[in-house]
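Structures given as structure tokens follow.
Both of the next two complexes hold subunit A, though its partner changes from subunit B to subunit C.
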Partner chain A sequence: MARASTLHRRPAPMGAGRLLARVALGSTGLAAILLLLVYPLVSFLLLAVFPGLFGQSGQGFSLAAFAQALDGYALQSVLNSLAIGLSSGALAVGLGLYVSWLTQRTTLSVRRLVDGAVWLLLLTPSYLLAIGWLVLTQHGGLLNQAGLHWGWLEAAFSGPIGVALVLAVKHIPFAYLAIAPSWNTIGGELEEAAQVHGIRGGQATLLLAKLLLPAIAAAFAVVFAEALSDFGVAATLGASSNVPLLTYSIYRALYANPLNFPLAAASSWILLALAGIAVWAQARVNRRAAAYAVLSGRGRLARRVVLGGYGKAVAWFSLGLLGLVALAIPALATVFMSFTKVLGDGLNWANLGLDNYQTVLRQGDLLGPLTYSGMLAGLAATTALVLALVLASVLSSGSRLARGLDVVLLGTLALPGLVLAAGYIFAYNQPFLPLYGTSLLLGMAYAAGAMPSSSRILLGPLTQLHHSLGEAARVHGVSGLGVLRRITLPLLAQPLLYAWLLAASGIVFELPASELLYPPGQPPLAVALLKSVHNFDFGLSTALEVVAVAIVVGTVWLIRAVVTRLLPPNWQRRLNEQHSH
Partner chain B sequence: MSSIHIEAAFKCFGSVKALDRVSLTAQPGEFVVLLGPSGSGKTTLLRAVAGLERLDGGAIWRGEELVEAPALGLHLPPEVRRLGMVFQEYALWPHLTVLENVALPLRERRLGSWRELAQEALEGVGLEALTQRLPHQLSGGQQQRVALARAIASHPQVLLFDEPLSNLDAQLREELRLLIARLTHQHSITALYITHDQSEAFFLADKLGVMREGQLLQFDRPEVVYHRPAHPFVARFTGAQGGLEAYQEGLRLHLNTMVVQQQAARTGRMRVYFRPESLRLHHQPHPQALLAVVSHCAYQGQHYQSWLMLEDATLVQAPSPQRLQAGERVWLEPHPDHLFVFAEGDE
Partner chain C sequence: MKSLTLLALTALTALSSALAAPTLVVYSAQGYDQDVVDAFQKATGIETKLVDLSTGPLVAKVEAEKQNPQWGLVWFDGAEAMRSLADQGLLLKGWTPQVNWNAMGKALLPTDKSYIPVSATFAGVLVVNTKVVPADKAPRSWRDLLKPEYKGLVGMNNPSISGPTYPLVAGVLQAQGGEAGGKKYFEQLKANGLHVFDTNGVTLKALYSGAIGIAIVQSSAGIGAVLKKEPVQLAYPEPVSLLPGSIGINAKASPEVVAAAKKFVEFVLSPEGQKVMLSGDTGGDSNYYPLLEGLKPSAAVTPLIGIKYQSVDPTVWGSREGEINTWFTNTIVR
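What follows is the complex of A and B.
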């Protein structure tokens, strides 16, 4: 055969480089997952049944910690969390359903406004909302200052109702985002088919409601799990109003004397089990719903309800009220309190001024935490992003390792930050890993917390690159470096920037890991804020909060502006624009 | 002009044989189409030619140059194989304009005339007025035209097509397959095109291969594949119908009441296929015809198409000059020279 002579014409280039890169990526991703997530979590959770692990005082296998976790204060916290999780879940889902109906199925033009508010609420840490309500309603708070003594409101916010309300409004975005897309899928032709076939009134509503059920179940499960895992409200409103919640009881067990790791671990199991049941039930509903999923994407758009004058008035009023309760009241209360000179001197012009801001900006012990958190946030977000990029690359390859990592990452997305932080205290306070009490460990916890969500953000763009865009470049002769310079970097620049900004701004205000892991004498921002709230330094704490929010928002804006100016225009075109068409 | 020669290509994904010793040659300037259902291995073969997939065994030559030979540890990366490729999902770079998309591979090759070449390619596909648009501002058909322009801009000698028309509607498909045929012939490009659409395959192919479960069942001129399918699956996949039970004894084939003379002698149970257009319809009993009952009849413009139920419940189609009534009894006479007869075990 003539061709046989060409067999040895060209030396065989090794695929070894590519293989090596793949192995390096895979092992880096695996190591990150094992060290940052699996090891601390597993070792901590094992303590619930093996209290003697790593030289702890207990011995062998024991269920005593679970008995403790289902008794007294701990049991009360479980029951409270369950009741509050269920009620805030129901409230948030009801409100999310109503708001999403307004934006998706009526002619009311509020979509942009609602979307903006939803994202703002989603990004606002729950403890900031709680602090807002606290400074307003607490005895001696803003309302009292204004001469308003509304005992019922004070009573509500120093009990379970306030806790459930704040948790519900905080989590409306989850319900809204889970339900809103479904309104469109059940509309259009399905609705018309019901009409054409003579199904009317209540029967038609019931038919469509059944189709919405999976979205409602998903929304409820997410809100329930999130409310149950929340530490911000538990550590502020919950703690000050003597409504012990499960996350706070885990925190208490870790700060009890003597410190009770097994109890914290057993309570964490209960927390994970309750959240897990909700997610499992939702998955069941979804699986059943998937069996009759016939959505083709070619359906006609749903017809929108035209609201009359009265309907519009009701809609605007209800949305306004919701906006007030969810965002405006806590924000205004915070800002107002920050300008109040002396608590107790009443609400008058003479008692308003910039004194708190002067103190905050002058005192190192108040501004220090903000600088410290900002610095750690920058470093941890960068680390998280590098690891997320590695993980997303592994995930986009579709290998067996990728599928395994995907399961772990999805699991940790739903993992309460407090449980992970508790795991860090135990796992990294060992003679062979003495990192507890260092900034390094706090930074690691921050990075671990941000890593799963960042990797999901980067997964979409990376998968598309992996599957066709990069391949198209290589087939057409673009070199590896060319692909990186002309395709990969331009397409990833924007997702990377947003993922970093999201991670960093989240870390600055992060509470559970900060509270459990901060180095002695170096409190991060969230810890400093909560400390001054607990000391009733409302003026200083709110001023610090306003300064911190202003600096973070300003920094995000500045970075965006600078990057927008520096990046070439085609680096800023969004990847998903192609699909939005 | 350059040929593509594939010798005993072999590839496994876990326990699944994606390619089972496939061999074929696309001569210089020839348009080769591989037809097969999903999972037949055609995409894997195309990707192996592109260098996007590594073979486990066999070899691939581009002209006289060996580009893939696992036994020798040889795998030329895609970027040095000097190919063009049109992807099913277009794979246009969303951040680059139409002109930039077409020009990028040319600029990477440091061609001084990249702008002229890109413009020329875009004129070739009729998109010269949209050079500054971004991909998301184009329709699906326009996006695929850009992808085609990108693939031909550098005048590659070999062009690969990965089901490029499957995401488009019928009218656009027809328009674009004509454009593809015109451009590849105009530039004397050797093309390897995969599809699961038989009309597309017959329209474009100089040579047609039919694949199933990693095997190339037949590779020949489309006329030969159509008139002399080498395998029952090839017959079925290219539109033949029937699969009727028959028995052959020497040269005589017994099909129901019919006896048909065959050219090659053999004995045993057979399966018989035929094409709709080879059937003659009788309204009276006929000794060399099969009894059928009209199930449905539809007007098709030039003729009527009827769906007919045979005695063994096999449903077949046949054209008729006038409308038949449902329930009507007719007799179908297959043209004896156009019967595809396969031994029972050939499947």
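What follows is the complex of A and C.
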């Protein structure tokens, strides 16, 4: 009896402790969101209706900025962004579905290859993809110089199709990472059950589609939001082919003379509203999908489809084509340009050489900025990850707070970095918060920018880490710290590492916050890179980019290799793997 | 946790250095600015820190900081944006250094002395890709660009995106007898297949690749292309418009910072400062026309003899910038 009562009493302090931990966790997350995202963003967004805030020249309350944002060029950019966001979202999700089916449900052994390509694509800035394709397909570009005059390709890439295609390709990784784990949650029993009940062919596919729907919706929402917020493609391919996009019209309102903060803020509201559609649609799908909820955790492995010779050929061909479009062609075009001595002399052997790289090596003054950015990226990525972990654990709880948080995070994902950076000036150039112009504020902006996508990446692995695992362990007498050491960390180590690497490498090249917030006299890498190609020396600028990307990818690879070697074998778990494996 | 502590430490150091003696903070978009800042610091011992950005983000920063300006002086090309800052009361008025201005310099000095011109380039010259348009068939005047032989071959930047392009557009409008005549000229250019790209960078890329044969861009960019041995030559259609590079001093700065900023301007306009400016960015911004009597531009710069230029009055054209840019975007770009 006595033993039973102690057993009964035990959970009480545990519960209080856990409650305390949850409150602490929740309030840390909330404070971080408020300080890093909400306060600066709201500061900026308020300018849409109160144009006189922060010493600006407008007065009182006005909706004039919204009228401007829904007129002429700005309206055109809204419609273009919507159309291109939807089409690139659909395309990326379709391709992500196909590739994840190949890796998760067929016997094709491409898993490692695809995972590598996915990470490479995640690390590649979107403007590099766009510039690669531009160099190749524009009138007088590499194809023309090689004697190939494919008018259709040139036409496609100098219009909305090219923009949508590049954005779709760039965001396949997001779709892939969101969908791949779900193939495993639909375990083998389900298929068997379906077969027993005589569900076959089209009906079975339909059932499968319904089961996958939440993952598809999540993937679509993320790709849609990322495509909307993309600036790299908008500023290169979009701008040079007269396809104005919303992010670019925000950029124009902020950076062109006469600049117009209220218009930029109003356009940002519209961008948020568009992203809101995606969030709403995803939530709707999730509510409906609750009926199809399947609990995984100990599901059996589904049978893998054995591809025949013909099937294999189609699979390899399509993967090869995808790799060509997404990575090989843009990379080759960029590298080629970096070897070109005089652009106007075109394609011939005499015009190729290492001249640009020799110039890069002489740019000794890039070492300081590289070190500064590397240090700040490390600190900011670590901060972002700690906060992202907190946010992801709140998100995975499914509470009302979680749903609100989801909306805020997806919204910030949709806003271009420029808006957040400008918001930081208004919010923190205040006598009561004089942080503007310090490394701390730049680091905060970096962390804030990386936090939403990091928490989305960690959400998957964290959701799979069912809390029953921890409870079971504690019933078996494992202490709280032990759960962390023996269960949580081993299962999360790899996803955390990947999310950190992704955040840090993104921050090293981050431009808008770097430009608007860097401490005087202390330029970060992106600013220094821009400065050293001040004079439209495209060969030199691509050479610099190739070197910078090589350094970062090399560092990422090195850190990954070292950490993987140091981690105990049972901690090594790939990002999109199920623990039921 | 460790990272948070480190971050806090960084913050503390940053805060303490922010509270120390006033240093001169220079916001600049010039290619040679770091060299000038280094030389100034060495010559005067005044601690000077640089924020170097292109004109767009630079002006955005200045405007966003309006409530609590962090800069001592601001330095970029284009009188209209400078005029706009002056009209908002952000620039110190009524001071110019005692120097020996040449004719060009005198033409560019604002009457209210709210900013100081220190260099000049031309807002729009014709850069011709001789592989597309043979040198002997290159256009010489603004009217030439309307000829059928150049149909679809001419490109320029969008003034509402590229900073130095509005002075070019305003200059063409002024030279064509005012807004009405000038707008008609641009409509004729459009009818002749004018390409409008967003920025200098995109326009020049299109020129090098042969997508267009003639680019209307800032003279320093054109000279940069010649220096890079791209197959191009320059033409100066009559008249070209002056594009001054100017410095404005923060009206709200402390007396110490204002004094330091004045010293900076005097240094920039001294023989020593001009030497640094003329050599700091030889592929780009160093290719300017000095505004002081007796100083010559760098060897790469086309001598002024035979070039007819005009100055575009920012008090006339500055206030029309929004309206003209919107017209350009909606009528000429689309």
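We adopt the following convention: the second predicted complex is superposed on the first by the 338 of 581 C-alpha atoms of A that agree within 3 Å, B and C clash if a C-alpha of one lies under 4 Å from a C-alpha of the other, contacts with A are read in each partner's own complex, and residues count from 1 in each chain.
As a working rule, a contact is a pair of C-beta atoms (placed from the backbone, for glycine too) under 8 Å apart; a residue touches a chain by one contact, two chains touch by 3 or more.
On a predicted model such as this, the values are computed, not experimentally measured, just so you know.
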| item | value |
| --- | --- |
| Which of subunit B and subunit C A:486 touches, first, second, both or neither | first |
| Greater subunit A contact set [subunit C / subunit B] | C |
| Which superposed partner A:425 touches (first subunit B, second subunit C, both, neither) | second |
| Partner chain(s) touched by A:473 [first = subunit B, second = subunit C, both, neither] | first |
| On subunit A, the residue positions that both subunit B and subunit C contact, one per complex | none |
| Subunit A residues within the subunit C interface of the complex | 54-57, 72-73, 138-141, 144, 235, 239-240, 242, 252, 254-259, 261, 342-346, 378-379, 382-383, 386, 422, 425-426, 429-431, 434-440, 443, 515-516, 518-521, 523, 527, 530-531, 534-538 |
| Residue ranges of subunit A touching subunit B (in the complex, touch as defined) | 2-3, 6-10, 12-15, 468-469, 471-480, 482, 486-487, 490-491, 570-571, 573-575, 577-581 |
| Contacting residues of subunit B [partner subunit A, same complex] | 5, 50-52, 54, 61, 64-66, 69, 72-85, 87, 89, 91-97, 100, 104-105, 108-109, 134-137, 150-151, 154, 160 |
| Interface residues, subunit C side, partner subunit A - complex | 3-4, 6-8, 10-11, 14-15, 18, 25-26, 31, 34, 49-57, 59-61, 63-68, 70, 78, 80-81, 84, 88, 129, 131, 160-161, 163, 166, 196-202, 204-211, 221, 224-225, 228-232, 281, 283-285, 321-322, 325-326, 329-330, 333-334 |
